[in-house]
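First up is the structure itself, then whatever we jot down about it.
Here the chain labels run A, B, C and D in written order, and each chain numbers its own residues starting at 1.
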Amino acid sequence: MKTTQLSRAIFLALLVAGSAQAAKTDVTIGMQLEPPNLDPTGGAAAAIDEVVYANVFEGLTRFGPDGSVLPALAKTWEISEDGLTYTFELQAGVAFHDSSAFDADDVTFSLERAMAEDSTNAQKQLFANIESVENVDGAVVIKLKTADGNLLFNLAWGDAVIVAPESIETLATAPVGTGPFIFKNWVQGDQIVLEKNAAYWGEAVALDKATFKFISEPTAAFAAMMAGDLDAFPNYPAPENLPQLEADPRFSVVLGSTEGETILSTNNAIEPLDNVLVRQAIAHAIDRSAIIEGAMYGYGTPIGTHFAPHHPAYVDLTGKSEYDPEKAKALLKEAGLADGFTTTLKLPPPAYARRGGEIIASQLREVGIDTEISNLEWAQWLEQVFKGKDFGLTIVSHTEPMDIGIYAKPDYYFQYDNADFQALMESFNAETDEAKRTELLQQAQNIITDDYVNGYLFQLAKTGVASVKLKGLWENSPTQANDLTGVYWED
Amino acid sequence: MSDSLLRLDKVNLSIHETPILHDVSLQVHAGSVLGIIGESGSGKSMTAFSILQLLPQGAVCSGNIHFDGMQINNLSEEQLCHIRGNEIGMVFQEPMTALNPVQNIGAQVAECIALHKSVSRSQALTQAAAVLERVGLPNNEFPLTRYPHELSGGQRQRVVIAIAVALEPKLLIADEPTTALDVTTQAEILALLKQLVVESDMAMMLITHDLAVVSEVADNLVIMRDGRVLDHGPTRTVFNELKHPYTRALYDASSHTPERNASIEQVVPLVELTDLVCEYPMARRSLFEPRKMFRAVNQVSLSIFSGESVGLVGESGCGKSTLAKALLGLSPIVSGRIMLRGEQVHSGVKVSNKVRREMQVVFQDPYSSFNPRHRVGRLIAEPLHLLENQPDKHQRVKLIRVTLESVGLDGEDANKYIHEFSGGQRQRIAIARALIIKPALIILDEAVSALDVSVRAQVLDLLAELSDSHELAYLFISHDLSVVRSITDRVLVMKQGQIVERGDTDSVFISPEHNYTKTLLAAAPQLPQSNAEASRI
Amino acid sequence: MLHYIFKRTLILLATLFVASLVVFVTIEVVPGDPASYMLGLNAQEDTVAALRAELGLDKSRPARYWTWLSGLVTGDFGTSYTYRTPVADMVGDRLWVSLPLAIYALVLATLIAFPAGVYAASRRGGITDTVVMALTQLGVAIPNFWFAMLLVLLFAIKLGWFSAGGFPGWDAGVWQAMKSLTLPAIALALPQASILTRVMRSSLLDVLNEDFIRTARAKGLSRRQALWKHALRNAMVPVLTIMGLQFSFLLAGAIIIENVFFLPGLGRLIFQSIASRDLIVVESVVMILVLAVVLVTFAIDLAYAWVDPRLRGSR
Amino acid sequence: MRLRSFILGALLVLIFFSAALISYVWTPFDITQIDIKLRFKSPDFTYWLGTDHYGRDMLSMLMIGARTSIAVAIVAVGIGMLFGVPLGLAAAAYRGRFLDEAIMRGNDLVFAFPALLIAIMITAVYGPGALNAIIAIGIFNIPVFARLSRGAALSLWKRDFILAARAAGKGVTRISFEHILPNIANLLIVQGTIQFSLGILAEAGLSFVGLGTQPPIPSWGRMLADSQTLIYTEPQLALFPGLAILLTVLGLNLLGDGLRDWLDPRLRHER
């Protein structure tokens, strides 16, 4: 190291530190998982949306911070009487990042691409109900097969963003959207950098530059925050460090809710779990508070059914499965399994599953139910549990919004087949009146709770950590996203 | 006493509290050779090392050592370093390991020169070349860039000598310089040493266990045993008077010829070899050339009659061991026939047990021919494996005890381990192992060369007795002519895989025909006649 | 000498070929399919099938092995299933983390081990010898990932001299990059340095008992001169063997250390691609590690010949 | 000094072995009992080493963890010896011929894969677990013992007592097992202890990255991994498992050195 090189390096370091004092316009966000690629329409990984949703790509509609559906590229829209035809007026003067123009043809291209036979869109079923999409002199007209109250909601998903045919080839590695931030570069395994889109059609954003750094190990996340390498960690992975971060004046810990219902999925098709008494016994054998305290260090709200508590339609049914080991043993005896039984407990990688699994295993052992734990990679979990349905119990958090509809699919991995629940969901989908939809949702929650289909544990909390001076980050996450449009540095 | 170059008086040495030398006093005069004789463990090497103060850790040395008028045993390490190599040179026993294998010979000799004289590297190298020429390694044949592993034992010893005499030291200490060498090479090295002493008026201290070697080279003698000087004086007087009983015992053992009645029956030969050829592959020179084969045994024919003791002499590398191994079926044969009692024996690959029952072997190194993990009983009973009907447990124990006693050991030794026995006793056990299945022929491959003179005599006596009592034939392989002469009836001389001369032992020794035999006999050092009244044991 | 090199090269190529076969077979039977992993929970059957076709996963195994192998030779390792970028680039920038780390650790280990080993050997039985031996005993016994955690706790969090992990990339300045590799290198180097010191010491002690050292002393060289000029070079052969072996330990150890310090190196890439069943990346990275180890062993063999003329084959 | 370190080594190994054996019969507390209220207790009279992040007694966890680590290491060394030694003996017996070359090339191949890489590949393919860890570590031990026993056997084959045995008509296999094996037994024992300690480190490493023994069976490596996130608030959780690994490996290495000196006659007089 010749001396000149050394002195230049020190000078450089000072320069960088110096500039930090002036009003900060760049931000470094921590993320646990690195997206496999950056095409939200081509893959389901949550991490893709966490980088690009609302920042790089925009759909016709978008989710607001509280989960409500707001206009985006579609300025206004009218719905026909029979609810089958939607006409969208598009924003004017909008351009893609490669400065190619944005118009109705791009919308038809994007939606038809997602609906196509050989499409690799992970949420293809969102578009199943669409009959056709046309460009009628500048406006977009969507015709539906059957009336469906969810269309605006579905179009707000990350998988329904609008892309341009010109940039479709290299979308996965060089995303081109219409959003307020342009993709700058991507150091695989380390970080992705976005920069301000000067020619953005909408409101100007406060930030010039945003860097997403990928840190999967909880210890490393803590060290990075403490060392000041990161400005914010929206989904902080290690709840056990939160008290210490909260005590540090530099940081503020923001607790919000997510769409992640964490459940003890039970295979309703195999012996003896097909007996509702056994499932009820399991429900009473589980002490939710111990799990939340043990696995998530207190961060998480108990749920009695498969529904997000922050949603207005939520019904608190935790009372039907309160912790009562004696009752659980009695139920088992009633079901003819006085001396208990053995089943498998297959756990995917996340911490809530691995830690929750050990605690649940010891709680079930109390009432005589022995579980063989096996820890699986995501790929193996999908193969054995999700597709193969070869499991007794598993723990997973369903993070898609409003996904109570999965109980209406008999071939879904926990294989619950209840005709009147399926009928209920049909009528819900067709219903457009808000009050009626809420009432139907509440009925649905009661049915799956009474049937004890799964062990409903807790709603994943959004444990966001950010620098005290950084404002505008989403408190809750109605969908997986880090919307930076409203983010700014205070002083 | 006045002009003695080196004088030791009352030198005592102990290592880790075990006493090694007791009041050793001797002196060496410039231009003269002092021979130090003693059997292994007599402390002769330690005397040499205490002069140079090259002693192992934990050594305590007292008394004083005067060299060239100065007391050197209390000098500082730095001053001693100045003397070593410069004033006193040293030559060691094992030439194969005495040189640094990863450095070429030029550098190793030049290093000694550059160390003591302030000369440039190139000057040191030219002087090194000169010294190497002087010790008989001409540069054209042996360039300085040669590595030790490319030289033979004798040539390496010449390099060690070159290093020792490079700076014309006043004193040269030679610790068993020729023990590991062949007879002819030994003669050349001794001649070289004598010539160097004369040329540069150098004093030499020659340490050896071989009376014959020292009698030809040394002017004065010192005889040591268990760290004490027992006898000393000019060589001639020591040999004539044989004053000290130990000196007399040493002398008798060296010239000992065991009692044998050579009974030879000229019936069908026990073993007959015709046109035997043995080869083994040499290191592959380059990938494309096929592997060159080295012909160790080249068209050898010989026959051994039962009860006869045949000698096979030759220098190392002449193929005598390969021949022995071929006979025992231990190494592959290319062509030729081996007949046992008139019956075709060797059919190319495997030697049958029937044949092996007739032939057994005794090796040279007593410390390597036994499995340290087994008891002696099990060791000598191993050949019983060859018998069709294995003796039962009881018979086996009795057989072991009888065989042990027949070689002069105690029946109880059967449950001891091999490390509890001396070299001589181990060779007796090896002979017991060979005897146990009553073979017709025992092959003795350098069986006594590793033994001290006195022990060697006892083992030779044992072999003589056994050949009479057990109707045994011997094939006695050795490079030591005096031993072969004392025990064999007939002798075969071997050179580069061929037998160059054969005949009765006495006629071959007295009037050799082939000139190779002549050079061999001339090179072997002769023990002078002592006019002390020869006492027979 | 040429013959010696030619033979070793032949063995090297054969080992690489067989290794590639073993790697492909073991990894191909891994349950779980990357396509379904990428499409997540509620992907339909046909979308998964479409993606498999797109990634070429539906071709027969021998065909895929052949394309991968021919790619290996030309340096094109194929495209990653999940990242959809050429594996070569991904592995390229990761190599720029793992390789410098391994070399940095090896250099550190050697710089510590050589003087310590030689010093301990020359003062056999002295206090320094016992102290060095005790320290190396500890160094060998400490699990390096635990040692790494302690390093982070002390230097990164308590003293704040170093960052707790992460790699700023070489364009952030050589000094910064090396600084971030320092703690991981120390954690990796400790056990290697201890083993190397012990081997150095015992090998030197063996050589010091040899006859030619006595010859050197008889020439007038002091104890230290004899050690430096004659013993050291002869002691190198066993030391080289251990250094060769250790390089493969180093690479393996790096996989764990990269986890503790979240360095974007080959180790973590292997873990991530196994988790996402990105088979082509796993196979290529394993092959690169094997290539590195085999090349190092080849270099060590050549070094033998340079150190010890006896191995150079007859003139 | 040597004798003292040998005794220290033997003592440490004894402690951990007995802890592992006792754990089959009795542990201070039942580790299946998870009681979140009792977590992070620092060492006191009831919980000698405090409790972990699930409120389980650290001492009991360490005892059962010792059982897994020692079991995995022993079986792995066993595999190494069972397959490695015969291969080495065979290679030496047929030295220079095809079998020798094949075995040696096989060794080079296994050595080419960094040890942990084999472990990762196996556990990734067949799923994590103690059995796969055993196989993975075992496979790496085979070439170590093969190479060691071949080297030692080669030098023995040159010895005269082997020629004598051949002259007594004994076949290659009988000689290998009757004469060669007993004489290299010392070397194998010493190398066995070294590989044993490496096995413990390897198992801990594997469990640390989640590929070794799976819950609910405790293992030192995984206890370290679990304690990683809590290292800033509860450092003692990382302290005890790390120390356990360190002391066991140290004990084994000292034992190995002591055995080498005691069994190898050449070094004996040096003491």
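Here is the rule we use: contacts are C-beta pairs under 8 Å (C-beta built on N, C-alpha and C of every residue); 3 or more make two chains touch, one makes a residue touch a chain.
What you are looking at is a predicted structure, and each value in this text was computed from that prediction instead of being measured.
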B-C versus A-D: which has more C-beta pairs touching? B-C
At the largest C-alpha centroid distance from chain A we find chain B
If you average the CA atoms of chain A and of chain D, how far apart do the two points sit, in angstrom? 45
Return the distance between the CA-based centres of chain B and chain C, expressed in whole Å. 50
Which whole number of Å gives the spacing of the CA centres of chain C and chain D? 22
Using Cα averages as centroids, what's the distance between chain B and chain D in whole Å? 47
Interface hub residues of chain A, defined as touching at least two other chains: 217, 219, 226, 377, 380
Residue list for chain C, restricted to those that touch at least two other chains: 152, 157, 259-260, 274
Chain contact graph, described as a line, ring, star, complete graph or other shape: other
Each pair of chains that touch: what are they? A-C, A-D, B-C, B-D, C-D
Within the complex, which stretch of chain A touches chain C? 1, 5-6, 9, 12, 34, 36-37, 43-45, 117-125, 172-173, 187-190, 213, 215-217, 219-220, 223-224, 226-227, 229, 349, 377-380, 382-384, 386-387, 398, 400, 406
Touching chain A in the complex, chain C uses residues 31-34, 36-44, 46-47, 50-51, 54, 82-85, 89-90, 93-94, 152, 156-157, 160, 163-167, 169, 173-176, 259-262, 264, 268-269, 272, 274-277
Using the touch definition from the top, list the residues of chain A that touch chain D in their complex. 217-219, 222, 226, 238, 240-241, 243-244, 290, 293-294, 354, 357-359, 361-363, 365, 373-377, 380
In the complex, chain C touches chain D at residues 11, 14-15, 18-19, 22-23, 26-27, 29-30, 130, 137-138, 140-143, 145-146, 149-150, 152-153, 157, 245, 248-249, 251-253, 255-256, 259-260, 270-271, 274, 282, 286, 289-290, 293-294, 297
Can you list the residues on chain D that touch chain B in the complex? 159-161, 163-170, 179, 182-183
